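Here come two complexes built around chain A, the first alongside chain B, the second alongside chain C.
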Partner chain A sequence: MLTFETGLRILRRAAAALLLGVVVAFANLTPAAAQQPANDAALMEALKGTLSGRVSIPDEKSGLLQQPRGREWREMREGPVKSFGGWLLVAVVVGLCAFFAWRGRVRVEGGLSGRTIERFSPTERFTHWLTAVSFIVLGLSGLNMSFGRRLILPLIGPDAFAGLTEIGKWSHDYLSFAFVLGVFLMAVIWLRHNFFNALDAQWFKDGGGILKKGVHPPSSKFNAGQKILFWAVMLGALVQAVSGYMLMFPFYFADMAGMQLSLLVHAVSGILFVALILAHIYIGTLGMEGAFDAMGTGQVDVNWAREHHSLWAKEELGGARAHGDD
Partner chain B sequence: MKAFWTGTVAAIVIAIVAGFILKAENESAKAAFTTSSARVSSN
Partner chain C sequence: MARMKFLLDSDRCIECNACVTACKNENEVPWGINRRRVVTLNDGAKGEKSISMACMHCEDAPCMAVCPVDCFYRTDDGVVLHSKDLCIGCGYCFYACPFGAPQYPQVGNFGSRGKMDKCTFCSGGPEDDNTKAEYDKYGANRLAEGKLPLCAEFCSTRSLLAGDGDVIAQIYKDRVARRGYGSGAWGWSTAYKGGTGA
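== the complex of A and B ==
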């Protein structure tokens, strides 16, 4: 006769057997990937590389999950832009070191006279330093965005790198306005001094007066090299500002293709800009005796002025007294 | 070097002012591109 206890024992054994059966069944299940090998290539071919759908949130662009041009853009950014750009900067630094090792510091051949004349007014120097200080921070933060993950993160760790990059990102965005204002002021105060003339061709033929001793081509307020720098800064700043503000205000002015192009242009132009300014910093500090004083104190030695900007010095000294005259 | 320090201070002041203006005028990307029901925070 079937008692309650017997029925309970049967039920418990049946439950245990059922549980065991479920466990065995799950253990024998294989993941879909193992049952059907991943076939992304065929899927992507079928979709022609684009994955898109319909979304109901305000950002309609989020309906596009994947586009082939995005992959090409990423390959370009992570490949040629970073490798060529990085090696270009290394080459510039190595080249400047090599030039310094060969030529040494360009000295004032007549020796410093101890008499000075004003080269740049306080307004000119303020404009230069407003632009230069902004550029230094923009350049360093920009280079960090391109190369920092590979070069700096392994040195300082992810937490420090994240903090540094966040500060860099905000500085980059907000100092851009100071930089743009500085370049605009430079254009206002220096444009008329930077048009090319026949003297500039001679300046180039003479190697700017820095390749050989005793060679000092005549020059007005700005020599041909400085004029090239001026126009390069004007053009570079324009390119950086346009591409940069397109990135700062995403999709205000451009679609996805435009945003991708803006970033590539901004990165390439930025690297070229940094390379150019590295040379400018070199010649204005280490490379030429007396050059830094022009932007530091605004006063340059008369002999320096006569050697490097003879026509300008003649104009300034004609009838005027230099500082240090008795 | 007075011009250097004046230029540096001016750059910092301009950056700070720009920061305040942009933060006041712009909404963040996560606010601009989502509906309120999809956001985790209230920003």
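== the complex of A and C ==
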């Protein structure tokens, strides 16, 4: 039953609500600018995203008053690119160490025969090392641009580090041409050996033959893993060259958004490239007995050739005699 | 210690470019470099606004964060400066800066941009105050002489304010309260946490 007391209470609440409403209404009537005098949100709103205008100086690019995308670029670079990229490289190195500890060095099971055949001609080796040496310099100087500030700067101090990084930057710019030339020659020389065929299915089924002793899937000059490496290098080099030359000729081919994207693409693809080549270096040196000779002297042991590239060895040894045959 | 800031009252800027000229002259800025520029938005249309823009000396400066050689530093006055001896001219600060402040003396093909140059809030660089070496690389060090940046000193309409952030924010707030409108201090919400903090 509605008493006088409850009625009074309801009335009091209604009055309080009314008062609150008036206060809120008044607050809303006050100009927004007066509430937040130095907040440029209202100005941004009024300009409807027009952040570019006219300047009276010759540099028309400077008409871009503000580019909020810069902050996103910074967050991408300083955030995921550096953290995921950095940890990926650490993971690859740790993974390779773990694999080495578990599998050990892949030995030539039949033992070294002492007889060798030529695996790579001087032209092939020149092409490989032209690409490899320039890649190592490009990779180190590139990683330095992202991680040197944290890893090397504290060790050698700002002056030495800035000097080193400047040398790195110049080397990075100029050696890119050697690298691109190397990859181009590689494409010319090795393309015909790198088309996938039915044989490669066996290689995949056997896990590349690297997981267990005594497993040697038949392979021609290049096995499926090497073919994957070949195509990854082609793709990686293309992406690095396109994004890299955009950066080397700033604003010639791209606007601000294009430049920022190029740098991110260049960094991400560069880190992936380095991760891939770390694995390549491992298997070509520490990971497999006799593998380095292929690119070192160009001569590989016949038993090595028969185990790892059986079809190629059969083809090569079919007519010609191996070095050391008497 | 004061926290130095620029504040541009876009309702007052008449695009006279005196700030640009004052800056270039005071700091002997090389050809092709503009530490400060006046941009006119919606030119000739309703809602036209002119804004004088230079380095805002951000609280959490993007240039400082992305620099591969860590050549930036912040003075006790909150001014963001850099060392041209350490700068390698990579251009990353330009990609990160929301205000287009970093400038380069050359076009920059093959990474030959040269050392980055930007507004120093008229407070020189890492060299000793008001030495020739400092002037040659960074221009004037008016702050060391107890003066404020010349661009703001030259502004005939007092549109561009330079000085202690709290003081100039208060001046602007009083202005807005008196005239009844104000479209905001350009760039403050980007450069400083919480806009004015006032």
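Quick note on the criterion: the second predicted complex is superposed on the first by the 271 of 326 C-alpha atoms of A that agree within 3 Å, B and C clash if a C-alpha of one lies under 4 Å from a C-alpha of the other, contacts with A are read in each partner's own complex, and residues count from 1 in each chain.
Here, contacts are C-beta pairs under 8 Å (C-beta built on N, C-alpha and C of every residue); 3 or more make two chains touch, one makes a residue touch a chain.
These numbers come from a predicted model, not from an experiment.
Peer 1: If you stack the two complexes on chain A, which partner ends up touching A:A101: first (chain B), second (chain C), both, or neither?
Peer 2: neither
Peer 1: Going by the contact rule set out at the top, does A:A198 touch chain B (first), chain C (second), both, or neither?
Peer 2: A:A198: touches no partner chain.
Peer 1: Answer with first, second, both or neither: which of chain B and chain C does A:Q66 touch in the superposed model?
Peer 2: second
Peer 1: For A:W129, is the partner it touches chain B (first), chain C (second), both, or none of the two (neither)?
Peer 2: Touch status of A:W129: first partner only.
Peer 1: Which holds for A:F161: it touches chain B only (first), chain C only (second), both, or neither?
Peer 2: Second partner only.
Peer 1: Between chain B and chain C, which one contacts more residues of chain A in the superposed model?
Peer 2: C
Peer 1: Regarding the shared-chain residue A:S171, is it in contact with chain B (first), chain C (second), both, or neither?
Peer 2: first
Peer 1: Just to be sure I follow: which residues of chain A are touched by chain B in one complex and then by chain C in the other one?
Peer 2: 57, 59, 62, 170, 173-174, 250
Peer 1: Could you list, by residue number, the parts of chain B that touch chain A in their complex?
Peer 2: By the definition above, chain B touches chain A via 1-4, 6-8, 10-12, 14-16, 18-19, 22, 29, 32-35, 38.
Peer 1: What residues of chain A sit close enough to touch chain B in their complex?
Peer 2: 57-59, 62, 122, 125-134, 170-171, 173-175, 177-179, 181-182, 250, 295-298
Peer 1: Quick one: in the complex, what on chain C touches chain A?
Peer 2: My answer: residues 7, 10, 15, 17, 20, 32, 34, 37-43, 47, 49, 51, 53, 62, 65-71, 83, 85-88, 90-92, 95-100, 107-111, 113, 169, 172-173, 176-177, 180-190, 195-196, 198.
Peer 1: Which residues of chain A touch chain C once you look at their complex with the stated criterion?
Peer 2: Spelled out, the residues of chain A in touch with chain C are 31, 33-34, 36-44, 46-47, 50-57, 59, 61-68, 70-71, 73-74, 77-78, 144-146, 148-149, 153, 158-159, 161-162, 165-166, 169-170, 172-174, 247-250, 252, 256, 259-260, 263.
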